[in-house]
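Chains here go by letter, A, B, C, D, E and F, matching the order in which they are written, and residues are numbered from 1 within each.
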Amino acid sequence: MKLITAIIKPFRLEQVREALMQGGVQGMTVSEVRGFGRQRGQTEQYRGAEYDLNLVPKLKIEVVVEDADMQRIAEAIALAAQTGNPGDGKLFVTSIGQAVRIRTGELDETAL
Amino acid sequence: MKPLFDGLRRAGVAGAVLLPAAAFAQDAAQQAAPVADKGDTAWMMVSTLLVLMMILPGLQLFYGGLVRTKNMLSVLTQIGAATCLAMLIWVVCGYSLAFGPDAPAPFTPFIAGLDRMFLAGITPASTAATFTKGVVIPEYVFICFQMTFAAITLSIVLGGIVERVKFSALMVFALVWMPIVYLPIAHMVWASSGLFFTMGALDFAGGTVVHINAGVAALVAAIVAGKRLGYMKDSMAPHSLTLTLVGTGLLWVGWFGFNAGSALEANGSAALAMINTFVATAAAGLAWLAAERLFGHKPSALGLASGIVSGLVAVTPAAGHAGPLGAILLGAVTALACYVAVAIIRPKLKYDDSLDAFGIHGVGGIVGAIGTAIVYAPALGGQGAADYDMAAQLGVQIAAVCATIAWSTVGTLIALFIARAVTGLRVTTEAEREGLDLAEHGERAYNL
Amino acid sequence: MKPLFDGLRRAGVAGAVLLPAAAFAQDAAQQAAPVADKGDTAWMMVSTLLVLMMILPGLQLFYGGLVRTKNMLSVLTQIGAATCLAMLIWVVCGYSLAFGPDAPAPFTPFIAGLDRMFLAGITPASTAATFTKGVVIPEYVFICFQMTFAAITLSIVLGGIVERVKFSALMVFALVWMPIVYLPIAHMVWASSGLFFTMGALDFAGGTVVHINAGVAALVAAIVAGKRLGYMKDSMAPHSLTLTLVGTGLLWVGWFGFNAGSALEANGSAALAMINTFVATAAAGLAWLAAERLFGHKPSALGLASGIVSGLVAVTPAAGHAGPLGAILLGAVTALACYVAVAIIRPKLKYDDSLDAFGIHGVGGIVGAIGTAIVYAPALGGQGAADYDMAAQLGVQIAAVCATIAWSTVGTLIALFIARAVTGLRVTTEAEREGLDLAEHGERAYNL
Amino acid sequence: MKPLFDGLRRAGVAGAVLLPAAAFAQDAAQQAAPVADKGDTAWMMVSTLLVLMMILPGLQLFYGGLVRTKNMLSVLTQIGAATCLAMLIWVVCGYSLAFGPDAPAPFTPFIAGLDRMFLAGITPASTAATFTKGVVIPEYVFICFQMTFAAITLSIVLGGIVERVKFSALMVFALVWMPIVYLPIAHMVWASSGLFFTMGALDFAGGTVVHINAGVAALVAAIVAGKRLGYMKDSMAPHSLTLTLVGTGLLWVGWFGFNAGSALEANGSAALAMINTFVATAAAGLAWLAAERLFGHKPSALGLASGIVSGLVAVTPAAGHAGPLGAILLGAVTALACYVAVAIIRPKLKYDDSLDAFGIHGVGGIVGAIGTAIVYAPALGGQGAADYDMAAQLGVQIAAVCATIAWSTVGTLIALFIARAVTGLRVTTEAEREGLDLAEHGERAYNL
Amino acid sequence: MKLITAIIKPFRLEQVREALMQGGVQGMTVSEVRGFGRQRGQTEQYRGAEYDLNLVPKLKIEVVVEDADMQRIAEAIALAAQTGNPGDGKLFVTSIGQAVRIRTGELDETAL
Amino acid sequence: MKLITAIIKPFRLEQVREALMQGGVQGMTVSEVRGFGRQRGQTEQYRGAEYDLNLVPKLKIEVVVEDADMQRIAEAIALAAQTGNPGDGKLFVTSIGQAVRIRTGELDETAL
């Protein structure tokens, strides 16, 4: 199995979720993160103090999929998240040794 | 709140002339030139600041809690700055155009003259008449009280177009809208030479001037400005219903200044307006919850808040005219009407009146204004005389409502087109997506 | 707040009869039928809305900040809806049963009659007597003022049973509890034919009626409803002490309406109640911080807030009876008593009085009621006569306290069992775990 | 707010003596012993609680929103506890030292005597004189009103040194600072035998006593306490501008108690102070936004809030002296001055006046105090007599400002050094990094 | 070493923490996430607008353990988090190449 | 490629970010987490109730780097985050199979 981790722009969540469902993926986990990269945030100004908001709000999507689905799903995510502007984010793939569905104890592919 | 304006002007002048005499004229009643009762003055000063509290922070929180986090500061700043601007407009020309000496015919029914620009000639000793012959309040207090009404009306309008319009556009809009929409309608309703006033329309505390007017303007603005990006697709859940409920509480508290203050005296009429503002609101709050149950939903916090505000809107024109039972009825019925408008009709139509300024202030104001003619009947405990002619009054109320809607629609369109021509009206797609807080104001509401 | 009720009723009638004469009767003092002083009217209207502000948004925030995020809206909605319901009950039958014309014997000491149901016969010209012979206020104002007391008492009770009871259960509870607990106790304490009133119990602004009563009811309800899931195991840290502190500030500000308003006039007695409400509270706030230090903890924000509220509770019955030094003493002692009740005793017992409604309102109310007999002594700067018999008064106070506790306990039990029979009282385990906001109201407080 | 103190004392005694006569002496004007008008009493009680609301929760939120999450509760607790402490000091000796009977020469111009310690001899019937001959208010009300001024001044000072000073240090500081700084300055400005009063300095509502004094003290304290860790390096963005804006609204609302209440009567002078407090503030709010645009920034929510507060500070000394146009001018100019101080000068200097207590209250107070001499001119619509000598008055104002700055600086240094000697003043580096909420108070503001 | 990542129901945190401590694990890292899967969230209703809350609040637990402890600890976590109802969550295992204790620079097993 | 995950004390973020930039890393992703370990949190007290705050606020930093840079960057991070006191945190390294820049579809090393 593979864990696909995607850092995306927050307003693309709905599209990514739809792409996953169409791709047959049943679940995912989302967390709020802040990203630093080529895309620069706005400058904030509070009375005299200026802060470069160099950490931009992003969402991190984590999906575990079977090895065979990985390429297809990764592409679907990337496509759904793409706007073409800096800050669209990254997608990383890691190998997963074992997966468990906590409710039932089912293992690996059947756990997804 | 219909000062007898001939009386007002006379009293004002008299007060000015008799100033040196004022010191020993403590006991007003028997004097030729009336002196303000300190109880009335105290109450009207309190009422004035209560209406300010309805705006800052009341309406700011009520509205602000309903938008997304990224637009919170824009709501706070828009309402705050609009309030400041409305106040300055008021002292520059607003008070004069709404309540000043008559303009020459044929303008008399629509607007007053410019003689009181910059509050010319008014001193601490000037007085304004109330509804009771011989009873006056300091004119500065009357000016301040009315000033807060102007500010809150403008602020309510913003509820239709939050989360997408440029700050600069709103400032231009305000500069045009106040003179061509608010001031004439205020004059028509409250000045003794005003069109609706002479028609005999009942509007105790400004249902027409404030709520119908603002609600309609918000609807027109929402349609012209267009929908928010992602409207009806993305989640636009309120970022903090807690703040909305706080705003609701402050609105209710402040509304006693609005309604009971509109008696212009600390007397039984104000007391009647007060009890009505309690019970109509309580009934409306519970009625909205009941409506939610009826339509298969859970009774919600936002429902309670919406019901409370719709009840407050409903009772505004009726506050000193209805009896408590009539007020309860009016509150409950209006809440149901607003519920239907907001939860059933609006989602079916295509416009994005983002914070339901029309659905609550507009619809509630209309039901309240028409209902006032009903609950005014002595049979329902109202203050109408024994020979009260309800049908005739209903006709007058409906005419005033229609005229207000028409005037507000046309004027708002003009103000919007000017604002669009000068500033472009809407922010860019990117700015809207990022949020107006960062894009327009360079700040974020929370750094938790 | 013990209107001389014979006077009240007479005045009410008189006002109605003399209405046409009212216009020229501006100068009340010399008239046969007293006319309300506008300064008093202004002050009492302000006091009324201050008590509303204590509830919405004051108590809502004080309580709401203390619960977990997932139950925030349920607290706001419960308090808001209970307030609306209490107001409607008040105008339907509450005012009549508490303050109406006497019921026939043997009920006279316990409850009044139903003649004023739906506020029958009351007009804007009706007046209610105050403590000063010949001084009246508009009866509608008196009704509103008292209405807010009913609403806040019911709301305080909810603090014992937040985060686990069904919304519908609370509505049923309120419908039963108001007539069988609140109204009789209010009658007994404040009506001239009431049991405690005739005994001579001192209760300036409602320590018995509001605080002891609500505190005891909350304790009984907490025990009957049972503990929250995970009580004493999971972290139930307040979700926003910021909001609790905001609520504290608004409670303090609003409490001047409660206490100084209970003078029913804008006079020296109100002024005394005001200074006492300042200094007792300040002393209690600091005393709680000192107690925390004494018991080895850090002086905390919630400690300051708790101390402030306990001081406000303490000074309520004593507000117009004590002198400033007595008030300081009473505030400090009560804060210590509440600290011990809340931080030391309650954790050892098994009940889950979730927001310490009993620990602060109940305990603080009892200490305050008994302490009033002490600080009333002229030796301590109190308003008691030179021949004041403290021992006798102590007896009366203790008797009134005990009777209130007994009545409130029994009545609350009845109301709870009816609510349980009709609705089941508690939400399901799942709903409790998920939070009442989603489960009961279908919303979340924050979408940040 | 310059009660004629000989009158005050005489009236107080008279009131006490004539107490039995008070009941039939309703109509005060013609009586030998003046009785308080109830309208005045109502207004002054309201004004008093408005000033409390400025502090709790107004200033708490305005300041609290500007700090980082981890220090939120420390701000709320510091302001709350300082307020309680100031109140107790006030009744113990403060009122006596500021407004009591004259101290013997040569102290007379600087401080009063201790005869009224513990409010000795004051009863509900005691009265305090106002500016109008023969008009009085209950002395307890005057004491309470003044008490809130003492509390807010101390609280404003804390804005200079948040996020780094020990709670215990602040308590010690308060105990020393109140008697040696606040009380003498209050006496000098407001007591008829006070130094600045006899000089003829104009200060309607406390620009010198409250704002310049607090602002300067905050600056001195900020320098002595030193910068926060990470100042100018780490992001110290406000944790909730929402709360800061709520605080701003409550400050504005409450400030009418401060300014219009300083008329001590509900009359035309209060009305003038009210309208000025509206328009100066509105102008200042917009002026700050304009300044931001001018200097190439976005118009910001914090800018609006800062402008509003600077306008309120500016109009404080001028409230009853200027006309509306003068007030607009004064508000706008002061906002610009504060903007420059806060956004341009402060970042260049090395001190960390964390919440700009000096930049807004100090600078705004100074500009306002000096500007008062200008807008007092009848040519600008001010209340000055026709033969008003502006140059002379300017001299007096500048002298009073300089003397206040000097006194405040020296006294604050003494208080700080004592606090440092007793407690060490600053928290440890670790505590500062972790946040004062956990380190000093053992709590967190939010558990979301 | 292995990284065990568990997505659990928030109210089970205390149980999981106790299970870990009994299993001899000295540390863990917790983050708030939102999960999408078979378990559906409540519907929220704001005036007219209905939102399916299809993202349910979850906690993500991350624990790094020695290879030998992996199976035992994973089971302990799964057991402690299990309620038997949909939405109990998943548990994934990934391999860790290197671990460092930042305070001391200790490496790998000694770093845990 | 390697994913370096570091759990650090929040107030060290700025230093770590600077260290990364000096090390030539162009991006990172930050999330707020709570950590449980040797470092114990403060005790909180709310009226009678005491809570041991045994979950201490931390930041999780995630950086993907080329294999060759891994050691150097990991050291830089650890150094920047180190205060020498308990609770400084951990640093873990995992292997990444694939990386994509969503904006362009660039793969692996060029995606970073």
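As a convention for this text, a residue touches a chain if its C-beta (ideal position, glycine included) is under 8 Å from a C-beta of that chain, and two chains touch if they have at least 3 such contacts.
Note that the structure is a prediction, hence the values are computed from the model and not measured.
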Shared numbers divided by all numbers used: is that above or below half for chain E and chain F, i.e. same or different? different
At what distance in angstrom does the C-alpha mean of chain D lie from that of chain A? 53
Which integer distance in Å separates the CA centroid of chain C from that of chain E? 47
Set of chain F residues in contact with two or more other chains: 31, 44-46, 94-95
What are the residue numbers in chain D that touch two or more other chains? 27, 37-40, 42-43, 46, 235, 237-238, 297-298, 300, 302, 442-444, 446, 448
Could you please write down every pair of chains that are in touch? A-B, A-D, A-E, A-F, B-C, B-D, B-E, C-D, C-E, C-F, D-F, E-F
The residues of chain B that touch chain D in their complex are 23, 26-27, 36-43, 45-46, 48-49, 52-53, 55-58, 60-61, 64, 72-74, 76-77, 80-81, 83-85, 87-88, 91, 118-119, 123-126, 138-141, 143-144, 147, 167, 243, 437, 440-448
In the complex with chain E, residue positions of chain B that touch it: 232, 235-238, 297-298, 300, 302-303, 306, 342-344, 346-347, 356, 359
Touching residues of chain F toward chain A in the complex: what are they? 1, 3, 17, 26-31, 64, 94-103, 105, 111-112
Contact set on chain F toward chain C in their complex: 44-49, 51
Which residues of chain F touch chain D in the complex? 11, 14, 42-46, 53
